[in-house]
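In the two complexes below, chain A is the common chain; its partner is chain B in one and chain C in the other.
Here is the complex of A and B:
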């Protein structure tokens, strides 16, 4: 119980929100808007899984938003040229992984701080994309949207695959040796090294991992609308980092899991529609999200001080 | 009536957790005196210094400076009272210039005061000239050598008009010529009425420089003597003092074939040089020496952390290269590191995870972790080593020091090593757990493991080892039998072979 207190309290907060909605605004639970909300957040969930792993490893990647935009545009261009989506998918993942590998090489190979490295790649990728594309949208053929399936089917497919990915990765993090290595390196890299683990390799791997997931997320993005915007990933990094931190992944590394990150994402994602249904001004959204993040961080701080 | 001593400590006591570092130490320092402080590793010298500089608060006892009792000594208060310390590792700001570093120590005032750059430079220039150091005040500190940085520290002490200057092994990294320069500075300080507390392991320096010497042993002062009335053998006797009081399990060694052989092994980066050593199956070879003698550095070479660049290492007669911990582990070398709380055990992780950390490849074929196998391995070792815990899921941080050490040991035993390197295995461990660990190590040797035991605890090294290698200056300077008496080992560690006996 005490070990999962943090995750459970997020779930509790979510339950409170949902119960309040059931009492005061039952219209919130209409299936179609909820499915649309879930579909919009599906790519965010996939990136959040990667971010959780990166933060558990005591690193951070703030270039995911830019990576997301770049891969979205590239994948969109390929799809627009008539490439089959089943072929675009691995290319998108590989492109993401390659961009992640660049971050990983700089962080693990040259031992540079990840916040600086990914800040640089974030700016470089975003500006590079602007330069090449001049803000132009990519128009997608009809066959691409919702994989050419009816909209509801396509939405279910996206939400379903994001959830499947979450469950698979969540289990892998606990049951694979590689997952254990991530926790060990994130807690005490030198101890891990003395135990025969190669911390630099693990660090490199988590950046490749988040890159590949960002590529997949971009793929889930381009099938959602008739046009791919070059700015589609703006602010994504903040969203996922917030979700992960609210979900109990310690920014100091070594602690947390994907289930918590998922709960954190749900909580933050519910704020906007809940406000709409409660007829509260939308301006409150960011303020409330900020308050939730602050509360989570303060809770962690208090917990840590108690431990010492 | 004699003048009040510039520093007077009475019944000073300090404990860390359960370990009593100082148990009622008396110490006087007169103005114009060089007072040497001597003792084995862990005798309490550093603790005493840290209390005098205000870094630690004593649990008991009194401090008087210039006859005035002082309570609640903080680093700032100590500085204001004229207490300055020159550390072995200078604590300067590497990216600032020498003059700025000196100014930071000496100038007082608010954050918005104006800075007199020229005055700063001149002040620094003047101080450096007074100690005869050829260092430019403009030089950035990171461009200076270690001894030069120490000279800057001394300049700071001088400039602060300190009445009490503490020097903690100031000559450890100095060349012969720089030593002479330093001695001159110390004598100047004495002439100007400054009291100097001088800590050094080099007995010849104490005879050359000090007026009186106080020997600490196990947190107690065993006496203050005028240096003129002492000789080296007498000092060593005072430092070692006690007999091997603790009962150590008897050696049942029937050493077998040579498992690990080193032939002229050296590593330039870590200062290990020309080490030749054999360790046989079933044998415990102790490595004695003072802090900085190169014992941990040698262990790190053998574990592939700082690979050797000269000489050869043979395992079972086969020449091997050890360039990474992975290679060392694969060849059957295990290293239980000194810093248990940071490197030995991941405190946040459950005991079971800690114990399997080095054996993932062997325990879990394929990538999936098998929690059942992990748990049963953990339970085996918890029973086998008698780890006191609530179960394999308890976090490493919930255990006592001795039990953490057992978990760290279990992690390495799980790799089924041929060579086990133990680095200070019982440091900060209570007496009961200590003797349990000794019994475990004996048993492991009996089972055929080749054990290399690094310990600063002289009775331990003597009580446990079949043979003792004494290290000094990065190499093994003496190979002694396990029956050697403490005086001989200490004399060898201090480099006084000729007076030993």
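Here is the complex of A and C:
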């Protein structure tokens, strides 16, 4: 119980929000809008899973938003040219993985700080995309949306895949050797090395991993509407890092899990629609999200002090 | 012989290179240079179409060049080149208000007439700004269109880019003023920001509809907000029941307009903007248009009002099912 206190406190906060909504704005719980909102968050969840792993490994990747945009536009262009989606999907994931590998090479190979490397790739990818697309939308054939399935089926498919991925990765991180390596490297790279783990390889791998997941997420996003906005994914890095940190993943590495990140994402994602339902001015949205993040960081700080 | 041939060849080549300027000096044709923020952008290409039409009618030569991306420094470079070339008129959509003004003042000193369009430079760096739409005009057009669609009655909501952006606040102010003044039976029930993201606009619109069951219309005043709101309405199965209008680009909204989700997209007619700009520039060069003028006649488009040193393009243009396919930007 106490071991999972941090994650459970987020779940508790989420429960409070949901109960408040049930009392004051029961219209919040209508199936269609909720499914639509959940579907919109499904790609974010996939990227958040990747971010949790990267942060547990004591790294960070702030280029995910730009990678997401680049892959979205490329995948959208391929789909617009009539490529079958089953072929676009692996291409999107591979492109994401390749972009992640670039970050990984620079961070693990040259031992550069990940925040600087991914800041550079974030800016470079975003500006490159602006240069090429000039903000122009990619219009795709109608059959791309929901993979050509009925809307509800497509939505459940996306939400279901994101949840399945969450559970699979969450268990793998806890029980597979590769997952434990990430914790080991994130806790103390030198100790991990002495234990026979190659920290640089693990670091490289987590960047490829988040890249591939970001590519996959971009694909899960473009099938939700018939158009791709090149700006899509802007600010995604902040959203997922916030979710992960709120969910109890320590920014200092080595601690946390995907369940917490999931709860953190749900909590933050509830803020905007909850405010709309409670008729509270939108000015509060970012302030409340900021306060939640601050609270989480303070809680982590207090806990760490107690431990020392 | 050989040694004579080489300088001759070089001279011919130089002459050929300079022929643009040479031809201009030789003929009495005015040269009008037209500078977009970015030359690959469909928006400016559609401005150029109108500019070409005007140039043809007026019998002037049109030069069109601009940065490949929205690059303020590159704009300066192009203007400098045009000064060297000795064009008669320069028409500019300024990427950087202050940045471009130095080069434009220099052009004016050389006797070149300068007008701006789409995005203004500093007032002393040009004679006139061809103003595509005043905030008041945009606000009123959006509000009037919303009222027309709802017969002046019912709840509506707004999606803005951010709550603090100056242009958004300005438009919102005029929308609300018009609402208060003319449409007492309409009610603005929510204003939500979408950070210029279509995806966020969609989520916001989804929540707006579920929170306000009597919502009749969503008005988006940032361009990605319009298709975002439309997709939300479509996914909610409320096509026709909740109408969508907004400020946006035809290409981003065509499919929703044809599906009947989005009723009207408001913007200005970009072709007319280019046309009017060229007419204004040429009239300046010919001395027919002088500072202080109150109105101005531009070919087949008729007469335009001038407010101070702003030539007003006038009422915004409404794109709808009937005309949207004629525009490609």
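Just so we're on the same page, the second predicted complex is superposed on the first by the 308 of 308 C-alpha atoms of A that agree within 3 Å, B and C clash if a C-alpha of one lies under 4 Å from a C-alpha of the other, contacts with A are read in each partner's own complex, and residues count from 1 in each chain.
Criterion: contacts are C-beta pairs under 8 Å (C-beta built on N, C-alpha and C of every residue); 3 or more make two chains touch, one makes a residue touch a chain.
None of these values were measured; they are calculated from a predicted model.
Peer 1: Considering only the touch criterion stated at the top, classify A:231 as touching first (chain B), second (chain C), both, or neither.
Peer 2: After superposition on chain A, A:231 lies in contact with chain C alone.
Peer 1: First (chain B), second (chain C), both or neither: which does A:40 touch?
Peer 2: In the superposition, A:40 contacts chain C only.
Peer 1: Report the partner of chain A that touches more of its residues: chain B or chain C.
Peer 2: Chain A has more residues touched by C than by the other partner.
Peer 1: Of the partners chain B and chain C, which touch A:119 in the superposed model: first, second, both, neither?
Peer 2: neither
Peer 1: Identify the partner contact of A:151: answer first if only chain B is touched, second if only chain C is, both if each is, neither if none is.
Peer 2: It touches chain C, and chain B stays clear.
Peer 1: With the two complexes superposed on chain A, say which partner A:221 touches: chain B (first), chain C (second), both, or neither.
Peer 2: After superposing on A, A:221 lies in contact with chain C but is clear of chain B.
Peer 1: After the superposition on A, what does A:183 contact: first (chain B), second (chain C), both or neither?
Peer 2: A:183 sits against chain B, while chain C stays out of touch.
Peer 1: First (chain B), second (chain C), both or neither: which does A:255 touch?
Peer 2: first
Peer 1: Going by the contact rule set out above, which residues of chain B touch chain A in the complex?
Peer 2: Going by the criterion above, the answer is residues 303, 305, 324-326, 329, 335, 337, 342-346, 348-349, 353, 357-358, 360-361, 364, 367-369, 411.
Peer 1: Can you list the residues on chain A that touch chain C in the complex?
Peer 2: Chain A residues touching chain C: 25, 27-28, 30, 32-33, 36-37, 40, 130-131, 134-137, 139, 142, 151, 221, 224-227, 229, 231-232, 234-235, 272-273, 276-277, 279, 282-283, 285.
Peer 1: Where on chain A does chain B make contact in their complex?
Peer 2: 174-178, 180-181, 183-184, 187-188, 190-198, 254-255
Peer 1: Where on chain C is chain A touching in the complex?
Peer 2: Counting only chain C, the residues touching chain A are 38, 40-42, 68-70, 163, 189-193, 195-199, 202-204, 206-211, 213, 224, 227, 231-232, 235-237, 251-252, 255.
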